[in-house]
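In the two complexes that follow, subunit A is the common piece, with subunit B as its partner first and subunit C second.
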Partner chain A sequence: MISGSVVIGTSIAYVILLFIVAYISDLRARQGRWKLLRSPLIYTLAISVYATSWTFYGAVGSAARNGLEFLAIYMGPTLVFVGWWFGLRKLVRIGHNQRITSIADFVSSRFGKSERLAILITIIAVIGITPYIALQLKAITTSLRVILATNPNVSIAQTGDDLGLAFAIAAAMALFSVLFGTRNINANEQHHGVVAAIAFEAVVKFVALVAVGLFVVFGIGGGFEATFARAQDVGISLNTPDSFGPRWLTITILSAAAIICLPRQFQTTVVENADENHLKTASWAFPLYLLGMSIFTLPIAIIGLSVLPAGSDPDMFVLALPLANDQNALALFAFIGGFSSATSMIIIASIALSIMISNHIVVPIALRSPNLFGLKEGQGMTRLLLTSRRASIAATLFLGFVYFWLTSGSGALAPIGLISFAGVAQFMPAILAALYWRDATANGALAGLLTGSAIWAYSSFLPSFATSNEQIAQLLLTGPWGIEFLRPQALLGLDSFDPLVQSVFWSLLANTIALVVVSIMGENNAIGRLQATLFVDVFKQNQNGQRGFARSSAPLNDLFAMTRRVLGTERAESLFDSFAPSGQSRLNIEPTPEFITRLEKELAGSIGAASAHVLLGQVVSGDTVTMEEVMQMADETQQILEYSQMLEETTTELRSTTDQLQQANVQLRQLDQQKDEFLSQVSHEVRTPMTAIRSFAEILLTNKDLKPTQRQQFVRTIHDESMRLTGLLEEILDLNALERGEKLWANEPVDPNRALNRAIEVCTPVTDQHQVSVQLGNLAKDVRVIANFDRICQVFINLISNAAKYNDAKNPSVTISSKVDGQHLLVDFIDNGPGISAADTQTIFDKFWRGTRNPDTSQSGSGLGLAISREILGKMDGSLNLITKKNPAGKNEKTGPNKSGACFRVTLPLHTK
Partner chain B sequence: MKPDVLIVEDEPAILTSLEFILHHAGWATACVTDGEAAMQYIQLTRPRAVVLDLMLPKKNGFEVLKALRADPRTHDLPILILTAKGQQQDKLTAMELGASGFITKPYANSDVVDAVNELIGTPPLSKKTNIELS
Partner chain C sequence: MIGPKRIVFLAKLLPVIGVVLILPPLVSVANVDANLFGFPAIITYMFAVWIFLILAAYLLQRKLPSSPADQSEQFPNKSSRNKSSGNNLSDTNND
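So, the complex of A and B:
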């Protein structure tokens, strides 16, 4: 038995010790001796505020009742710290960049600095955390009862005395937290003293629990093995797979969410973080701490169940076991350990909540109606903030007490904690969306939070009052208006699951769906888009990514007055001094947009992003840039970027166009040259008959005494040469038309043999004149080619007359044969003339090329025949080629090395029926 | 009879007219229709002058001109170039190669006769004068 004065005295001494720790830490911080304060160790221990009296006492109770279920509470945080380390780093990075003060600030800041969101989250957090604070009050009250009781084996019933005790404890805690957390108002400045004290408490509770555990296992149980051997006897099953069902999974998920969403966890992990790299240590050290805290949970539960009399409160085994074995000092240490875990939670949670309440509820109201809070012009807001924070802490603890009061007698510690977990888990969808989903909107987050927390309040929070309220108990049984479908713990008839599981399932599902659907339907406003980028792409930006009053300016005096209002004269002066150019007074600060943006960030660190934005907007008025304008500027910038990109593209296009033009120019020059050559050749071709005509005309004019036969011959020559000129002109025009690509005729099925006969017939005068025999070889029968009859005749005539005109063989002949080759008809014209010399095979199709003329004849072509024929065949998808043959088929006669004859092959597409 | 003027021309109509007008002017003429034949003929008969077309089969006028000028025996042979191309470049080339005269088709008959007369003097029997007188 321990006397009350010893317990109270120890507790007070412990609290004084905490104050000393905090004081020394603050002192060191002011002196700039950061080494220990900003160490990863302190950071990790501060995060260990997660282990509250629920862990200290309640986990044993949970293990005694539900076996291994308690492990899930440690599973979630471990998974997050080990497996989602990069996610935490993103949170911390954003926290630093945006000067985030709380989880409400974080979410509202991400979603366009929405005040409504900040308020909603603050309210949800307050309601959600209330059971948790009540849990601490209950733990301290009960533990105090146990340690003071004359007979520790008697279960403590809730009595009126307990309420008084709880109220006294709540009041003491409020005082304690106020003294700790609001000695100054620098919410944004990390609470070095508090954090150091919390870290100290983390060590105390750890050592206390391990001490009790060691005593229980080795002092009573006779070692781990012997201890676990008793498990079966006391009804704790270690091997049943039932432990790891939906409830286990749900609790794991809840605790994983809680390690981020609980305001106090957000405070220690994100807000109080001094260095991103500390997370690296915390990612293994924190899970290790939890492991240490949980290692004795099961042994204590087993020994407690087997040693202590039936009916003992398992939540108090940690305390009862040393007491039952007359280990009063150990019991007192264990009490202090439990006290530590409860106080650290209450302090940090109430500070975190008070920051949220004052920044997101009190300050916005004060900014809108200064008279309400007696704010006078020029008066600092410091006092208001300080007062509101203190009041918030008191209110938070009072709410916790009220919850404790209303739910009095509602059994164990753990379920109360889980209600809080489920409540704050509603922040999770919004936080994940904030980090990873650019298109998530403020309205989406608002809808999700409202829906999820409403379902949580109905299905989790409300039922916790059932023990003290008859109507609520009735509601749980029959549902509202007797609609069983809507029973809080079996929504939509989902009663096969644990009430916690179904509540979490429905609330998070509805939360997520509302968030996604509303986000998709709506669109982010300007500032929302800006913030979304700053959050989602935080690792892609430099530190000064934030843009606010981009074009603004304001009188320095006004800015200073406003800052003094918020921070107080002393801090405002030192802040402005730090902004001033080195070696100059703060009066020389240029109120540039960059400065105003920095100032906004600093103020956001004190009163939250949304309030700071509104406040600065008032001062910078007159030249304030609305977010729409900022966005417009951003759009303009974007447009300029696009424009320059376009210019670049245009330049590239121009370059390629230039290249194309140069190519075209080269081609044109070649064409021009070809045209010159063509003209020159045409002129030559024209001059030749013209020369003859002129010459003979002159002869006829000047020689009157010509013989009639001579005169006749000369006149005939003039006539022939005139005809030649005409023919030449026609062929030039014909070739020109063909080359221009004009569609001069329609292709149709043509009988090639009929065209051939026609050509031979037309050529008869020429072939007769040259005494060339035209022989028909094998001809393909019954075929049709796609061609034009007149034009194909023209080609054939040209080839036959060429073969006749330039054939100097003794017995000149031309042999024509045709055969089908695939989809084409091949028509060969083989003569026994001089053939084409190798040098000429490339040029015979050129314009004005002419073979050696038979000197006996006055017949001569224009030199365009083959060029025209080739063009014609090209228009029929056919071709004209010179087939190189040393010795023409069927001809043995060889009149010389060059007298191997020529073979022209016409290829025409077959008409397939 | 040794010809006074060799006409090298592949166009039959022009050849006929040249033959007529030069003959009519009092010169004895001979005709060939390609460059090779011209070379052979000149080596054999040594005409007093050559009327040489540039566009010729087998060996063109420039080649013939060049070959004749390279041979000491024909180095001073008067050669009158005829061309239908009428390009300044051809005229320059012909002069560089040593052509004695250059006439562009179509020409006036008298231009050819005057040019030949200038090269080899007045023909012993000027039919031209006779004709004009008659």
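So, the complex of A and C:
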């Protein structure tokens, strides 16, 4: 015996507990502590809202009446979830990419953001779910009745009749759903508080059912085997040949469709999904949960039938068995378990439906006539959304109550639920087409849904009122206007089949045929094609989501005002700020197509894709996109365009790389050639003296009777040639050392003029030989440079001898002048020779470069002189440059295009005292 | 070791196996009046199939490639004000 106040008190305490769970979760979410809230566990438990009081109470009833049939309700979802890779993964990915808010949003979004489709689905969903909500109300009411009936002190008069009770329950549920489902407009309709509460309820109902099951099997039945042994006696036939007939197949298909199409399942599985990888856990954990919920179903049914008095409602065995055995605490726990399975369904279902109603019915109407809804004054939209959602929740629950009222007296729980399943299963063809069939069109989906749901309403929904309505009962018997052919539960006169099987078969068949035929006859419009590609090929897109297809002539202020209206000031500001370039005002954003698209998606997260599209279409200067523009972006054309663009970019890049490579190659070749030339010259240079040395040495060895003078002469030649060889090798070694970065000397203050005189002196033999006159121009007096005397002489000698050796003028001369420029001394060596051709100015300082004009190889140097000089000067923080005509540094003796001569400038750092 | 392509194939095959197992004619084989491990044969069969599907799904999901990190949460909620960085992460094609 449990008193009414205890039951009511416990229920209220439980609801308060739910409030606390939801509140704490919302608080954690607001503080950014997501870890637990977004765990795969919570996600799986939230999906377990599938197990409603139908599972908790109804499954036992179903098992008592129809044996194994109840299992089919779980087989469908199990198959869908273990096959998640195939379907659910795609659904969830699209849900994320497109910011899907509901199943109506999903379908309408896929079919060109069609408003009509969204409205139709919303209406079907509301009608289809109504029996389901009524089922929950009935379960709570009946369970309350059962538990109170044990108390002789409580009469019907004190608790009111069933209707009053159901109404009170519906009102309380509406209150809870409103409080937690519609407190704010979320980014993508995720309700963390509610989800946490639902997950909590999933645990409660599971534990409660398992507790009752354990008590029944081991407390009453004496173990599983003993329990099943009773099955035959109580009339549960597990082995009828019909067990796995058409009805089994139908219910399996229905439940597989329902796990996706039920608005609350779509809400928990797709919309509330935080991470696609959570599906991995859910793929096995959710079927496991269902398995756990079903283990005790048959045993409870068997024991209930054998222990309880005949005529007891099998739907209430879960509650009645503990009560009959005076297990009051367990009975109360079972009641709370059933209560929680009912409340979780009602809450999520009403929230999901309210989102659909407000986004797809209320908002579009409000947008058409903004004045009516006070939308002109800026803040109206948020309030409108909230109000319409609250009203929708209340309306949904009220509808459920009305259905409960109209069908009161109709029997078991499971058949009511199956009516809902058959209703929402009408979405399945459209969803499958949305995911896998590119050519499915909005009109096709519309036609399919209309046909299918009409047949469902006529053959499944309508007959459920037969118990309370004479006319409908009559209709079932005789058909409309007495035409038996059209009897709702025996269409085309086929009355040998189960009514459910018939209804599902005809409605889904007609639905699919209409979808296919109308789709084939028509064609998708541009947006439809774009969306089709985005949905069907969701795994083939490189980029997340869709491209812009709204032209960006929208005044930003308008966009901002509009966004603020929908999302509220705070969120609108942070959204716009996130787009603004850093450090700039949010009103400096360029309204690019990308931005508009992103904005549309964010808005779609609050009010649905179709509404967001219309809304933006209004603001974007009424400038709907032209056909060509959309086409360019839509479809494969877009992808091909992008691809070719990418290719072009890559090609350009490749081309420039190739050019660079070619240049480098040319340089390398030149260098290689120089090296070859140098090597051949070196070999030549080395071979000539070596040949001389060898032949003279041989003469000396073989001819003993040489005259001493001759011998003397030969030996001198050998010596001279050896000296030349050594000199050459030394130069190479010198350059190597310089290039390796070795500094073989110390820099000190040096008189440049003394070094110059010394160099001229050294060069006298060469200048005399070539009859070159060395003239001294203006020389800077009394200066010191930081240098090494010997090395600076070496540079000067090199320059003077070069000027002499390569000068083919009639009166060859070299003029040397110097001057102070800032912290540097500039020494110019100007000759009147042929000059350096433009082609050679690049390479003149390269190693191995040799003047090619002078064929007199005996006068050629090693090709290292200038390179060594430059290295030396580099080590002194100076430089050696070739001064071109345009940068005149001194006067050229001769003029003329080809006779400009060459001017080398040595720059040396001055020594400052 | 089974390659990733095989795993994906198995993941797609699993629901098909499930369908075949729970529909006639296969299910009729077990639908006889006999006991199996102390339970009616059909009960044992149905729950065995169920457990097999769950186990297979569990083993498969551990081998299946993970989806790329989710990008849809970039826009800050009312609560967390992390700046959005645009949707330029690319999805990989796991198919």
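We adopt the following convention: the second predicted complex is superposed on the first by the 595 of 913 C-alpha atoms of A that agree within 3 Å, B and C clash if a C-alpha of one lies under 4 Å from a C-alpha of the other, contacts with A are read in each partner's own complex, and residues count from 1 in each chain.
Keep this in mind: a residue touches a chain if its C-beta (ideal position, glycine included) is under 8 Å from a C-beta of that chain, and two chains touch if they have at least 3 such contacts.
These figures come from a predicted structure and were not determined experimentally.
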{"item": "First (subunit B), second (subunit C), both or neither touched by A:V80", "value": "second"}
{"item": "Which of subunit B and subunit C A:Q775 touches, first, second, both or neither", "value": "neither"}
{"item": "Contacts of A:E698 with subunit B and subunit C, given as first, second, both or neither", "value": "first"}
{"item": "Touched partner set for A:S680, first subunit B, second subunit C, both or neither", "value": "first"}
{"item": "Dominant contact partner of subunit A by residue count, subunit C or subunit B", "value": "C"}
{"item": "Touching partner for A:T281 - first (subunit B), second (subunit C), both, neither", "value": "second"}
{"item": "Residues of subunit A that lie at the interface with subunit B and also at the interface with subunit C", "value": "none"}
{"item": "Subunit C partner contacts - residues on subunit A that touch it in the complex", "value": "29-32, 68, 71, 74-75, 78-86, 89, 93, 96-97, 99, 184, 186-188, 224-225, 228, 231, 238-239, 241, 243-245, 248-249, 252, 274-277, 280-281, 283-284, 287-288, 291, 295, 298, 538-545, 570-571, 574-575, 577-579, 598, 602"}
{"item": "In the complex with subunit A, residue positions of subunit B that touch it", "value": "10-14, 16-18, 20-21, 24, 33-34, 55, 57-58, 84-87, 105-109, 131, 134"}
{"item": "Subunit B contact footprint on subunit A (complex, rising order)", "value": "680, 683-684, 687-696, 698-699, 702-703, 705, 714, 717, 720-721, 852-853, 855, 857-858, 860"}
{"item": "Subunit C to subunit A touching residues, read off their complex", "value": "8, 11-12, 14-16, 18-19, 22-24, 27-28, 31-33, 38-40, 42-43, 46-47, 50-51, 53-58, 60-62, 64, 66-67, 70-73, 75-81, 83-84, 86-91, 93-95"}
